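Listed after this line are the structures, all set down as structure tokens.
Here subunit A shows up in two complexes: once beside subunit B, once beside subunit C.
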Partner chain A sequence: MDQILFNLGLLAEYPVVNLKIIIDGVMIGALFALAAYGLALVWGVMNVKNLAQGDFVIAGGYVAWWGAQQGMHPLLGVPAAFILMWGLGWVVYKLLITRVIERDLFTSLLATFGLAIMMAQIMNLMFGSDTQSINLGYETLYFADGLIDVPIAKLIGVCMAAGLAAGVITFMKYSRMGQAIRATAQDSRAARVMGIDTEKVYAFTFSLNSAICGAAGAIIVMVWVIQPFYGITYSVRAFVIVTAAGLGNLPGVITAGLGIGAAEQYGSHIFGIGYQQAIAVILLLLVLVWRLSQQRKNRQVLK
Partner chain B sequence: MELRKLALSVTATAALALSASAAQAASHACEELHLGAAISLTGKYATNGIHAQNGYDYAIKKIDEAGGVKVDGKCYNFKVTYYDDESKGDRGATLAERLINQDGVQYMLGPYSSGLTKAIAPVTEKYGIPMVEAEGASRSLFNKGYKYLFAVLSTSEQYLASAITLAAEQATKNGGSPSDVKVAIAVENDPFSLDIRAGVLEDAKKLGMKVVIDEKLPRDLSDMTAILTKVKLVKPDVLIVSGHSKGAATAVRQIGEQKISVPMVAITHCEAADVTGNFGDFAESILCSTQWAETLTYEDPIFGTAANYETEFKATYPEYAEKKVPYQTAQASAAVYVFKDAFERAGTLDKDAVRDAIAATDLKTFYGDIRFSEAGNNVAKPMVLRQIQGGEYNVVAPSAFASHELVWPRN
Partner chain C sequence: MSKTLFYIILGIITVIAPFAFPAFQTQLATLWLMIIVAQSWDMTGGQMGYNSLGNIFFYGTGMYVAAVVTIGLVYPVGEYTGAAGGGIYTFTPDEYFLGMALSIPAAGIFCALCAFIIGYVTFGLRGPYFAIGTLGVAIAGGEMVSNWDWIGGGQGISMPSYPYNFDQFKTVIYFLYAILGIALFFFCRWLYQTRFGAAINAIRDDEGKAEAMGIHTMRYKLIAWAISAFFVGAAGAISAFQLIHFEPLETAYQTINLGIFMVVCVLLGGKGTLWGPVIGAVMFHVFKELTWNYFLGWQWVALGALIVVVVVFFQDGLMGYLKYKRPEWFGIAVDTKEAKV
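This part shows the complex of A and B:
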């Protein structure tokens, strides 16, 4: 309790720290949002809850890291991871996901859980279990007597994440494939009747998800660190965000992502960093309780 | 009942096979002496598990070359049966049962990590199998009253406690008193790191230091900015961070990015996270704890000096040529050496006699002195602190073995 009061006191004494916490939170949240966005796509379109989401993120990180080891410019790792992970996503879809797509919830959960374990272990065998990261060696910007620091590498990462998100949203809205994906999400049978090749749409969606995750991972390896077994962190965050925001609500996913990032930062400043993930889960609980009460009030039909 | 019968017959077959192979080996100069180990060859501890296995194998080779193990006039060579525990505790315990019951192993080498050792120790204890381990440092291993568990390494609460001593020395040198020193602690919430924290807290309290930040990092930590911002506001004199290699990498990167100017920063797992290679200047003048360094002045007749161990090991395992030989490897070799010494002093292969001989070990090795306490941990070897100076790891504490002066304050 003393600790909490002391921490709150620090916030009051140095108000500019609030700004720093929000900036840090938004930067982390942007990357969580990216992974969550891919999950929302796959969940909404194919009704597959992909537990290997975080492992796709880490795999993308390793693509960028490996590229950088071979002398590639680290920033090129992001498109490289996008493309390679697209390919991997397609292979995984054809080998595994297509077989579980029409099955019940547990089949897809089990299958993707197995996939997550396998991916982590394969990465461990390929790259070893050491933590890896890429140091871009860029400057850090300082504001307010050095209390606020914005590493340029982080800034670039967040901009890339925003660019990618904007690209995907535009694509979903205006392209034929995007329309087909949305149509399939609304009603796959009707879409099939209308002549949409849903199998192709599924394969495309899953590959797109994997590519988005890959790009997010390539950004993460420049800003933080990766290790073969840290995929679960991103899986958990993605699930929390998608559940809180609701499916098919893409702006909601992004807002929730940024919000959870900021809330975690605030929570860890006030209650101690050990409670970081607890904050995310408590937030999810509150949102669910609130949404349940809203639904009771409105008496809507569940989609 | 069925099961027991099966186990019995399997044991009998194993014993038969063992005696057959022993008879075969008799034609050679030395007989085989079987050791067993469950070690992490896959899973999250794979990197370090393989370091440890290489350390075991290298020591066996060196002892072989030096004439083997002489027990009661006869000569033996060690042979280890390894199983992969997949970095999982329950798997480790099952494999220990299998080694003992099916393969008839009478002496064990330890697995990698405190967690695995904790899982296996009750099994070896149950069967009265002596185990010399080199990779489990948690002090909770040594308060259970185990009689057959011995560890050649320093226990984890000593890992960063020497940084506190060093900070106190600096304070006195600068005309202050140790009680003016403010300590900030950020450790991961796992048994190993919590031990480190306990050791630091104990020493800080003894010296009257004030602990201004004391936080536990979550296991899936990806970001430390919240804690470091606090550090920036509170301005402690010492910052202690321990969170395995992820914690080390995150801390070094973000301390650099946020320009945290604490006079002394001490962390663990510098080498595993390769902080100098990954973060260059950010890692400058950070203190890293280690069990062993090749610049130390220890030596023994089998491996020569610590420096000698380093060069010869690299010649045998060229994949280490580019990097430093990790201390995990050195201590694994030391564990095998303890067995050799104990067998020779015991003069018999009886496992209880060997156990007593291990307990009475008083050995000087290239890895440091080895003498076990009643609880089984090594009390003769101090923990070493190295400071990153110009991208090199230089020993700065304890002062008796220090090759370089401490740079203080950092940047």
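This part shows the complex of A and C:
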């Protein structure tokens, strides 16, 4: 308790520390927002709740890490992860997801949970259970007498995340396939009547989701660490963000992603690093309770 | 009449099994644990249609309540955990058995109270949101406990060890599980025939209509979850005595182990049936132990694949399959003439 008060006092005494926490949070939150956007896409288009989201992120990270071990430039790992994870997403869709689309939601939740367990363990067997990361070897910038440190690697990571997000948004808005995806999300039957091959759209959407997650993972391995069993925390964060923002609400997803990044940094600063995971989960519960209280006013429930 | 005979034979097997296969006593005890958690999951998941992924919360909470009650009766808990093996704390046999007798029901009752409080919030959620919300409760519970130094934090907590010899200890644990499991089975058998059983089935089939018919759905949901939590918590308390030392994230609040196994057991056996969870737990446990023996290292991959295959292809489970193939065994009359037309 004293420690918490002391930490709060520290924040009040040095306002510039707040700035550092927010910068860190926004950098991390940008990557959460990417994974969450993929989840919102899959959830909205084919009504599948993918609990293996975080494991796609980690798998993308391992692609980049393995490439770097073989002497590839680390920044090339991001497109490599994007392409390879696209392929993996397509395989997963053909083998598993296509069979759960028409079923009730608990089926997809549990089936992807099984998939998450499998993926985590396969990565554990292939790459070992140590935490891994890529050192880009760039410098760190210091501001405000060294109180704020911004590694250039992190800046590059955030820029790549923003670039990827912008690319995906443009694609969704202007390309023919993007239009088909949005049409299918609105009404899959009507889309089928209009001559859209929804099966193809589903496969494309899931592969795109997996590729976005993979690219996010490839960025994470440069600015952070990955480990085979870290996947579930990314899945939980993606669920928090999508539940808070709602489906098909892209500005909401980005805001919520940045917000949860900052909230986690604040939480771990105030309560101690041990609570970082707990805070993500508690935020999920708080968001659910808040959504619930909104619905209860109209005597509705959260379905 | 033959049914009574069947139960008697099963009862005799239950009593004889630990003595006939002494090397498998711990395995059989774990099998009973699986049956208990699967059967209690089915009460809300199968019979009431609320698929919780967070029932493991009650298992972990039950373990910790058992530890705190047993230790707290003799020593201050904070001092005991703070010593971290440094001090010498002995428990006389009387203290041990008193702790056991008190802590198992205490864990059950505490978990039932937790279920009331958590359920009051989470039962507003439906379908997948309920599953995610309860999963969140379980993960958050584990994280909070692992940061709580009074009960040992991430290091976990040690129970007193059994005062007499170890073989006897295994038998005692087996029978504790078995008694709890049999009690749960017959309790469910009775409960599903009462008005209460009909009410929770109505909630599963159409909650809105059930409410319109004058069923206080919230009250029924809370009571059903509390009953389920009571048994899971009591099973957790027995596990605490069995494992002696346990830590929060991997043992007590083991979200991806037992927490998901109990759901798979029920799906494997057949959701919403009395015998489904029992049969499913036996099948799952045998599969799990075989993969553990022969695919060491790949056992998790095999289990994940089993979950995927069961969920996607055999969601009705064995009982559902039999119901479809042999409806007359379940007292369902099928008019074949009508079906042909």
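Going forward, the second predicted complex is superposed on the first by the 276 of 303 C-alpha atoms of A that agree within 3 Å, B and C clash if a C-alpha of one lies under 4 Å from a C-alpha of the other, contacts with A are read in each partner's own complex, and residues count from 1 in each chain.
Note that in this section a residue touches a chain if its C-beta (ideal position, glycine included) is under 8 Å from a C-beta of that chain, and two chains touch if they have at least 3 such contacts.
Values in this document were obtained by computation on a predicted structure and should not be read as measured data.
Asker: A:V281 in the overlay: touching subunit B, subunit C, both, or neither? Say first, second, both or neither.
Answerer: After superposing on A, A:V281 lies in contact with subunit C but is clear of subunit B.
Asker: Regarding the shared-chain residue A:F106, is it in contact with subunit B (first), subunit C (second), both, or neither?
Answerer: A:F106 contacts subunit C only, not subunit B.
Asker: First (subunit B), second (subunit C), both or neither: which does A:N50 touch?
Answerer: Once the two structures are laid over each other on A, A:N50 reaches no partner at all.
Asker: A:D130 contacts which: subunit B (first), subunit C (second), both, neither?
Answerer: Once the two structures are laid over each other on A, A:D130 reaches subunit B alone.
Asker: A:D24 in the overlay: touching subunit B, subunit C, both, or neither? Say first, second, both or neither.
Answerer: A:D24: touches subunit B, not subunit C.
Asker: Considering only the touch criterion stated at the top, classify A:G146 as touching first (subunit B), second (subunit C), both, or neither.
Answerer: A:G146 sits against subunit B, while subunit C stays out of touch.
Asker: For A:I232, using the defined touch cut-off, is the partner it touches subunit B, subunit C, both, or neither? Pick first, second, both or neither.
Answerer: both
Asker: Would you sort A:I122 into first (subunit B), second (subunit C), both or neither based on which partner it touches?
Answerer: In the superposed model, A:I122 contacts subunit C only, not subunit B.
Asker: Identify the partner contact of A:L96: answer first if only subunit B is touched, second if only subunit C is, both if each is, neither if none is.
Answerer: second
Asker: Determine where on subunit A the residues touched by subunit B overlap those touched by subunit C, and list them.
Answerer: Residues common to the subunit A contacts of subunit C and of subunit B are 121, 124-125, 232, 236, 272, 274, 277, listed in rising order.
Asker: Please give the residue numbers of subunit A that touch subunit B in the complex, ascending.
Answerer: Counting only subunit A, the residues touching subunit B are 7, 10, 13-14, 17, 20-21, 24, 28, 121, 124-125, 128-133, 135, 137, 140, 142, 146-147, 149, 151, 220, 224-225, 227-230, 232-233, 236, 265, 268-269, 272-274, 276-277.
Asker: Give the list of subunit B residues in touch with subunit A in this complex.
Answerer: Within the complex, subunit B touches subunit A at residues 42-48, 186, 189, 215-218, 220-227, 229-230, 232-234, 245-246, 248-250, 253, 257-259, 272-274, 278-280.
Asker: If you look only at subunit A, which of its residues touch subunit C in the complex?
Answerer: The touching residues are 49, 96, 99-100, 103-107, 109-111, 113-122, 124-125, 232, 236, 239, 243, 272, 274-275, 277-278, 281-282, 284-285, 288-289, 292, 295-296, 301-303.
Asker: Which residues of subunit C touch subunit A once you look at their complex with the stated criterion?
Answerer: 51, 53, 121-122, 124-129, 131-133, 136-137, 139-140, 143-144, 146-147, 154, 255-256, 260, 263, 267, 297-298, 300-301, 303-308, 311-313, 315
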